[in-house]
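Pasting the structures in now, so scroll down.
Two complexes come next, and they have one chain in common, subunit A, joined by subunit B in the first and subunit C in the second.
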Partner chain A sequence: MLLTTVARQGLCLSRSQFGVLYRHVVPMGTTANEEMNKFWAKNTRLNRPVSPHISIYKWSIPMMMSISHRGTGVALSSGISAFALAALVLPESYPYYLDLIHSMTFGPQFLAFSKFALAFPVAYHTFNGIRHLAWDLGKGFKIPEVYRSGYIVVALTVLTSIGLAAM
Partner chain B sequence: KMFACISFTRSAVAFRNCRTLVLVRYAQTAAAPAPEPKIKKFQIYRWDPDTPGDKPRMQTYEIDLNTCGPMVLDALIKIKNEMDPTLTFRRSCREACLNKIDTNTSKVMKIYPLPHMYVVKDLVPDMSNFYAQYKSIEPYLKKKDESKQGKEQYLQSIEDRQKLDGLYECILCACCSTSCPSYWWNGDNHLSLLINFTIINLPMIDSRDDFTEERLSKLQDPFSLYRCHTIMNCTKTCPKGLNPGKAIAEIKKMMATYKEKRSSAI
Partner chain C sequence: MAALVRISSVCHRGVSPLLFRSSSLIRPLAVQKKDRDCPYLISAKIHATPSNYAGSGSKAASLHWTGERILSIVLLGLAPVAYYYPGPAVDYTLAAALTLHGHWGLGQVLTDYVHGDFKIKMANAGLFLLSTVTFAGLCYFNYHDVGICKAVALLWSKRLD
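== the complex of A and B ==
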């Protein structure tokens, strides 16, 4: 009997305490931006490690083709820019340099290889570019389609580069 | 008393049956040879924030696949229960879409936390940024005229409802965002990559939402949508078989055609 009255009193006390606490509670509304800022502040303060990504993620054909598209694009634009800059800066004219290269003797394999090496990025970037344009139209997004179009691009690239190098 | 009598006899009968059954079972198992232990190595990423100076490392555990369930989560739970109780991981997935263990014992299975995320401990990443980005796209239906709210259902045609198929099943696991190299390099931008929320940007596609144009105009900056370069890691890794890559492409198309003037006039 004594226990129950004490227990009831205890409960009453806690409830009134709770009542006071409840009245002072303010809803914790944070905006998305505030949450993002808190995230960056907290993580830099705690100096947490970042989980590994590029070093451990399994490479796939679409991933490799995507970065190659970027690589060939950078190579091609820097090559053309370098050519333009050279044309601007170098003392002699284009025919002079063309004759200079013609006069040099290269082995046939070297010539064939270098022609292939020049044609390959052009062909790859062009065909993969068409694949990208198809994606911009919303076509070919299922994973089997991505792989299929990828293989077609690579096959066309190799054939075209050989064809261009053989000319 | 009578009751007790009956139950006693019944249990005796059961016991007798059980014993015969047991005998039969022993005979069956005695015939089969004890299976050889099928040991598979698991390399798991570990990092403890409470140990000062601790560096992230890979720890190897060996599990007999014959005494373990088929899913990766079974293996993790087994390690935590029997070998190393300090291994920390979330398991809200409840194997719903986890991988089965590759039973080839010559291959090591490597388990990492979600890529390019701040690590809280072991396999647990800090997801707050992801959730904040989700909050920023306002993932709820917004109506221009709120007066009818709660009175009756907002109706929708079957064709409009079908547009949501392939989008609503998203479980917000963050596999897509964290698999995207573009998200790795651009996740710290404040207008940052919301791209993988395009798949759950259901309100944009849902005919019952009135704010489609405003939602689209919100993506009109170099980072929110246009850091997507169609690398397609997202679709490849989605555990529910959804296609975030396609969803983003569809939104890019919508961005090209929506009337900007109309939304800015509002």
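== the complex of A and C ==
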């Protein structure tokens, strides 16, 4: 069965198996958001269980990096919110509490490790964020490119975190 | 004879592959390979609102997406500025940019995982409250305390006892 395709400003001509020629595509009446809500409403109403997905699918580097991007984002945001809340609630000033914590630290390694632990999620989220922005420009979607950019992000993260922790 | 093909993305010359998505195709078709191993896809159901159709429906979601990217780039640029020119201007800008970036980011997380009209409303209300408190707290810190840039500098200046 031969099908000819012509692309015209993003629209496609197509011929179905019944020989009906669709000249134009009709814009959907619902938004993606509405359709998503309809999906969830129907399936929760019917009490359907969710098929296993992340519990059975083989993990890949891009998958792990993607959820790590989300994880570091949530963690950093929570940290900032906790900091802001503390600033509003605690009576003393920042230098006071900083010195307090510093006096409690268990040796120089702890200090370097703490700096590394703070720098690491910031660095990872930043570098992977740049990777995301490149994708948003349409670049780097080929699978080998995805892996290569991923490895570069991880390498830069480790190096930057070590560098910052040493400062 | 006929192959059932499931295609999940459209690739079109000059158009970002992110813009189009076709639903699964459950009818026989043959895919022709054109230049640059970029197959043109045939679909009778395209979930897209091409710009040459007078769109019913607002551009709010699209503008939000663009705003998120612009804010990310602004935040990226703020980092070296904060390092070389610390001070109240950068402190407050950082407070705003960080809070908004986090607010929008967490908003996407909620959109992905929270379903059901009431739950979505509640979750978003909670997020809004959190972001408001966060921004208020950061501004308070900038005004009454040392400020974000100085705080990072002080923290990093701590060395072995």
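Following the convention adopted for this analysis, the second predicted complex is superposed on the first by the 115 of 167 C-alpha atoms of A that agree within 3 Å, B and C clash if a C-alpha of one lies under 4 Å from a C-alpha of the other, contacts with A are read in each partner's own complex, and residues count from 1 in each chain.
Quick note on the criterion: a residue touches a chain if its C-beta (ideal position, glycine included) is under 8 Å from a C-beta of that chain, and two chains touch if they have at least 3 such contacts.
Quick caveat: nothing in here was measured; it's all calculated off a predicted structure.
Participant: So which one touches more of the residues on subunit A, subunit B or subunit C?
Facilitator: Counting contacted residues of subunit A, the larger count belongs to C.
Participant: Between subunit B (first) and subunit C (second), which, if any, makes contact with A:P62: first, second, both or neither?
Facilitator: Only subunit B; A:P62 stays clear of subunit C.
Participant: Does the superposition put A:S51 against subunit B (first), subunit C (second), both, or neither?
Facilitator: After superposing on A, A:S51 lies in contact with subunit B but is clear of subunit C.
Participant: Please indicate which partner A:G129 is in contact with in the superposed arrangement: first for subunit B, second for subunit C, both, or neither.
Facilitator: A:G129 contacts subunit C only, not subunit B.
Participant: Just checking: does A:P95 make contact with subunit B only, subunit C only, both, or neither of them? Give me first, second, both or neither.
Facilitator: second
Participant: On the A-aligned overlay, A:K38 touches which partner chain: subunit B = first, subunit C = second, or both, or neither?
Facilitator: first
Participant: In the overlay, answer first, second, both or neither for which of subunit B and subunit C A:I143 touches.
Facilitator: first
Participant: Going by the contact rule set out at the top, does A:A84 touch subunit B (first), subunit C (second), both, or neither?
Facilitator: In the superposed model, A:A84 contacts subunit C only, not subunit B.
Participant: Could you tell me which stretches of subunit A are touched by subunit B in one complex and by subunit C in the other?
Facilitator: 31-33, 40, 70, 135-138, 141
Participant: Could you please specify the touching residues of subunit C with respect to subunit A in the complex?
Facilitator: Contacts found on subunit C: 1-2, 12-13, 15-20, 27-30, 32, 40-50, 52-53, 55-57, 61, 69, 72-73, 76, 79, 98-99, 102, 105-106, 109, 115-117, 130, 133-138, 140-141, 145-146, 151, 154-156, 158-161.
Participant: Can you tell me which positions in subunit B touch subunit A when the two form their complex?
Facilitator: 45, 47, 49, 55-56, 110, 112-120, 125-126, 128-129, 131-133, 135-136, 179, 181, 184, 188, 190, 192, 229-233, 235-236, 243, 245-246, 249-250, 252-253
Participant: Which positions of subunit A touch subunit B when the two form their complex?
Facilitator: Its residues touching subunit B are 31-33, 35-36, 38-40, 42-43, 46, 48-54, 56-57, 60, 62-63, 66, 70, 132, 135-138, 141-143, 146.
Participant: For the complex, which residues does subunit A have touching subunit C?
Facilitator: Touch residues, subunit A against subunit C: 1-5, 7, 9-12, 14-17, 22, 25, 27-28, 31-33, 37, 40-41, 44, 70, 73-74, 76-77, 80-81, 83-88, 93-95, 98, 102, 105, 107-108, 111, 115, 126, 129-130, 133, 135-138, 141, 167.
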